[in-house]
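In what follows, chain A forms one complex with chain B and a second complex with chain C.
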Partner chain A sequence: MTEIQHGTRGEVDPAAPRQSPSHGGSRQRGAAIRRRASARIWPKLGRFGLFALPGLVAYVVFVLIPIGMTGYYSFTNRNPFNPPTKWVGLRNYGDLLGDQEFRQALVNTVIIAVIVTVFANVGGLLIAMLLDRPTKLYVALRGIFFTPVVLSAVVISVIWQAVLTDDGLLNSLLRGLGVDHPPGWLSDPDLALYSIAWIITWQMLGFCVVVYLAGLQGVPRELQEAASIDGAGRLARFRNVTWPMLAPALTINTVMLLITGFKAYDQIQVITNGGPGTGTTSTMAFQVVQTAFNGNHIGYSSAMAAVMLVLVATVSVIVLRLLQRREVTQ
Partner chain B sequence: MRRSIVFCLVTTLAVAGCGVGEKPAATPASGGKVELSFLVFETPNLNAAFWDAAIARASAKVPGVTIKKLVTPNVDRTGYAKQLDASGHLPDILQSVNPAGFAEAGKLAAFTDDELTNFIAPKAGAVDGKIYQLPYNTQVIPVVYYNKDAFAKAGITETPKTYKDLLDVSAKLKAKNITPFVVGGGGADTWADMYPLTGTVATDVYAKTPDFLTQRKDGKVKFADADFTKAAQKVADLAKQGYIDPAGLSRSYADTEQAFRDGKGAMYPMGSWFATSADNNKPGFEIGAFPWPSDDGTPVTPTFTGGGTSVSASAPNVDLAKKWALAFDEDKENNDAFVKLDGSIPAIKGYTPPTDMGPVYQATVAIYQQGMKDNSIVNAFSQETGDGSLPPGLADKSALGVQDLITGKKSAGDFASYLDDQWAKATQ
Partner chain C sequence: MDDRTHSWLRPLVAVFVGAVFFLPLYLVVVNVFKPGADIVPHPAGLPLPPTLDNISAVLSRPDNLFTFGLINSIAVTALSITILTVLSAMLGHYLARSKRVLAKVAMVTLLCGLMIPVPVILEPITGVLKTLGLMTSLQGLVLVNVGYYVPFGVLLFMGFVRSVPLELEEAAELDGASKLRVFWQVVFPLLRPASASVLIFLGVWIWNDFLTPLILLGPDSGTTVTVGVYRAIGQHQSDFGAVFAFMFLATLPILVFYLALQKNFVKGLTGGAVKG
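This part shows the complex of A and B:
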């Protein structure tokens, strides 16, 4: 019988005599390899599992179980103030199709996600290129640009509310410059959504800067020099050398920004409460919370949350795949 | 090795299990006392020091109780109470939380008639005849507070008696480049925009149909009916004429109050709780007060009576919690503090407010007393609790709809239809 040598990493000894290539023998050999490999892996997994266990349990308890419960509730009419809870099948999802408020929230969410993704990416890249110098001043500036990322969204919202209200800093400045009727950044229904998108963009800018800076610092100097010697100008060097090398950074930033945009809630809750007016700045996440805790319709809001989960996951996976393909081809 | 894995598993599961869903059992505090959680909210008037002192006074009267104070993240205490309830952590005692929904679901303990003997309106806010929130105070909503200097500057010598007078006064103010009304409602304080509508609904709807919301519940009337639409149209017209500045929609409640103090408008329709704030923190001008006028000048006084404490039916010791809640709401010093800081008009038998109250509070109480004398008291729209109140969530939707009225995004008819749609959704 062919003997499989047990190396420390479980490889088959190349010096061992080969068995005839019959199907039965091959199957037996495969099974034996799997059995022995598995016998060696479990003790190691046990050790790693010990470290992973708290995180795993927390993940199951705080993420997977709530997702499962949300999925279950979405098929019920659960209302804690109007028991009993009954199974309603797909009715909540059917109602969502005709829900004007949810549609408006979906549109608002997409607008925020697109604005945040585009402007934070572009702004982050420009700032990263400006800060890509080794002096102490630029190192300090990097820290300053990153500060909003580590602040809570509520703190950011309170700060920007003070800036953007009609009596706020920005309009006081504009009035000082002679603008008699400065815009109602938060009180004008046509502007409020864009103000919210701007605030989220501003907060995420630092994140993009750091990721792009890391990418820029990974671009080999020799490639830039070679391109220069070949006569490439600054723009051509960026287009043909730097930009392709930043593909992984673009992937990370785009996916993170899309997810952040789709999840927008805190800023709306603090700054506009979904207004001014009905649905002007309401997002999907905001609509979920309002429906659940103001209207008490937990079942219906769970259906909204399920749709949101599927939408965010689908868009993220598609964008991730597309951008990763770009990384490979480049 | 195996023992450590088992230890880790048990510890992790124990830690993860804590705080998930189940409310902890009654916590005996030190000395055999029962610990009860008490949900309060902070405002510019009712700050942390006020609540701490009031809690200490009630606790001194009820031995065996230790109070754990919980503070809502904003003034929407009902919304926060619902979130706590959803996670199985409804506080044992709740301050000024709308009992609608909680009461019907059996989550609150009803007060008995014997427990309510000291209250002037013991049946205010009843749900199926039972009281789940102590009716400890009355508020007039709205009172129109006005800047006497601005009125004088515009040559206005008398406060408006009819709605036409109000429009005339507004026109004169505007002609002098003074914004007639300060109306807020920014940030999480959307509710602060409701008061002009609460006024017009009182004069145009509730004066004729005092049980309008009960009839709406029974399907006998609709918001889209002529009276309610007219009330909404009045608010839309005030904004259209430039008498309400839409800029206020970005101001929080505190900023709105400050805007009035800063002279950014001449009239401030607000709940009577503003009175003592005006007295305690006087702006650089005199403040007067008048009731929201009706078309023909017939007095109509929208009020809300209730707003006290409620007790969770699952409190570790319901009787003790009710005893503490009653002590909290009936305590003379607590009521004095509510009067002095929040312009409260206590609805406790035999209670007399402190004699050193300021002129704005006195003017506010005079409006209420005149309303009692005229028999012109009606409900304050969107503030109601109990059977004749809006379904859960609809007060917030109304406040957002009022923003649409003010910005012109919705006509009065659209707004009324929107409320009918939202009512149908909320009661599905």
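This part shows the complex of A and C:
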């Protein structure tokens, strides 16, 4: 039986002449005939070609090849309106080192990522603990916190712009309360970046709440009760029973928030366009897109993109590893 | 214990925090149904009597920014998520079952794709689309969505395939079913919870995508509703009624889609979270 199978596989799938015996199991001659029938439709490609190839081709064409192109362009002076493209070695990367605007964008991106990660995690956990009751009221409130997660960042940005703009809803309210000169949340160069970080935090909060709620519901009631009988107070119960059980939820949220913060773009494009002033709210993603599509300096924008990718990947992988190790040891 | 002594405190705090959190969304919803002149003096007041003027103004725009955007968004999202669900289910199933080294390599490469921000690859993508003659076309956008989101679909499906007993597939093959038939009639129906998660997650993400359609569809050839919101604020910065009504209508379809499948969404989300 296995011989027949190996035989057909050899014809159908040249890339895979052998297959581990445990995988196929025993098969009937009928199955082999059927397989031959489907092999006629997908000649020479077989299982790999039928199941794996379509998805992989899309991924290779629209993700892997573009990554390779970004990497290659980063060593050239490519500019579609200023040919010819020449190899310039590491010059773009050297220029990046002295580029104040890029450095500011990088710092801004890190600030946004850190604020979003810390505040959405803390706020999400507190709200999840507040809503960790099964009655209708709390279930309805969970829905309220989750709504922004389903909305687009563009819509969220426009809403918050209406709230935070100089004569917007928040400042009208503050003036009504007697504050004569309320802050320019989006127009003050020292504040705008934090307002952007707040908007992203607000949008991601519901995601964290849902993930933490799932974690909280996985904490066995008996454990809490046992600790309570042993005389553990609320704080001790949280630190020694609940918090360790939430380790996987913390991992998911932190990685998700870091990636969201690092790629912040929509809010900046819609609300501040990088300002007020020069680049006070510019992020790496914003800088890459501006340089590529407004400046057409593809070589230079590709070097920025490469730096951004390496940074995002390194930080995500390190944080993921650290948090997962923590999950195991607890 | 604490719960009994402060039984009134928790609901009070919960409702207060929820209300403050919800305030910005409340402002949008009430002002959609308010005449434009009333919005600035009374932003938080209830729209009494409610008016549909803002909504009908958006629907009857001379440039059809909303109507065409809606059609484009529905077409792009529906096509993308259908293709993505089928392709990533097949690929995820293949990778979860295959023991070949090549499959492991493909899996790791795909997982790396989860971390790649769009701006990093966007300019070369326009190059690829121009080569294929698909730049500024809806088909091109759909294909890019498929390539970019396939790692996420594969990740979800792979985890789920491992919970489907291999014996079921072997039994079906023993009965003479082809590989394709085993997949469609035995495996795919069992993957329904994962399919629901993929459909909703990716449906929401693709509907809400801003940068990708902004660049790939370009300024001339119509756009999606999400990019339409951005274009609309450029035109009437101060007319909150018009902008809010546009956002309200652009959000309604995806909100309905999400609410209809909500149970699966949270289940899919938390299923992954608890497993870690």
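By our rule, the second predicted complex is superposed on the first by the 275 of 330 C-alpha atoms of A that agree within 3 Å, B and C clash if a C-alpha of one lies under 4 Å from a C-alpha of the other, contacts with A are read in each partner's own complex, and residues count from 1 in each chain.
We adopt the following convention: a residue touches a chain if its C-beta (ideal position, glycine included) is under 8 Å from a C-beta of that chain, and two chains touch if they have at least 3 such contacts.
Note that this is a predicted model, so its numbers are computed, not measured.
S.K.: Looking at chain A, which partner touches more of its residues: chain C or chain B?
M.R.: Of chain B and chain C, C contacts more residues of chain A.
S.K.: Taking the superposition on A as described, I'd like to know which of chain B and chain C A:R221 touches: first, second, both or neither.
M.R.: Once the two structures are laid over each other on A, A:R221 reaches no partner at all.
S.K.: Of the two partner chains, chain B (first) and chain C (second), which one does A:I159 touch, if any: first, second, both, or neither?
M.R.: In the superposed model, A:I159 contacts chain C only, not chain B.
S.K.: Quick one: classify A:P189 as touching chain B (first), chain C (second), both or neither.
M.R.: first
S.K.: Just checking: does A:V312 make contact with chain B only, chain C only, both, or neither of them? Give me first, second, both or neither.
M.R.: second
S.K.: Thinking of the overlay built on chain A, is A:Y138 touched by chain B (first), by chain C (second), by both, or by neither?
M.R.: So A:Y138 only meets chain C here.
S.K.: In the superposed arrangement, does A:G277 touch chain B (first), chain C (second), both or neither?
M.R.: first
S.K.: According to the stated criteria, A:V61 is in contact with first (chain B), second (chain C), both, or neither; which is it?
M.R.: both
S.K.: Can you give me the overlap between the chain B contact set and the chain C contact set on chain A?
M.R.: Common to the two interfaces on chain A: residues 50, 54, 58, 61, 269-270, 292-293, 298.
S.K.: Within the complex, which stretch of chain C touches chain A?
M.R.: My answer: residues 2, 10-11, 13-15, 17-18, 21-22, 24-25, 27-28, 43-44, 87-88, 90-91, 93-95, 97-100, 102-103, 106, 109-110, 112-113, 115-125, 127-128, 143-144, 146-148, 150-151, 153-154, 166, 170, 173-174, 176-181, 183, 204, 207-211, 215, 226-227, 229-230, 233, 240, 243, 247, 250-251, 254-255, 258, 266, 269-270, 272-276.
S.K.: For the complex, which residues does chain A have touching chain C?
M.R.: 15-16, 19-20, 22-23, 25-28, 30-31, 33-35, 37-38, 47-48, 50-52, 54-56, 58-67, 69-70, 73, 127, 130-131, 133, 137-138, 141, 144-148, 150-155, 158-160, 162-163, 169, 172, 202, 205, 210-211, 213-215, 218, 234, 248-249, 251-252, 259, 262-263, 265-266, 269-270, 284-285, 288-289, 292-293, 298, 301-302, 305-306, 308-309, 312-313, 316, 324, 327
S.K.: Using the touch definition up top, name the residues of chain B that touch chain A in the complex.
M.R.: Touch residues, chain B against chain A: 1, 4-5, 8-9, 12-13, 15-16, 20, 79, 82-83, 85-86, 101-102, 104-105, 107, 185-190, 246-252, 255, 259, 264, 392-393, 396-397, 400-401, 403-404, 407, 409-410, 418, 425-426, 428.
S.K.: Name, in rising order, each residue of chain A that touches chain B in their complex.
M.R.: The touching residues are 46, 49-50, 53-54, 57-58, 61, 80-83, 161, 164-168, 184-189, 269-279, 290, 292-298.
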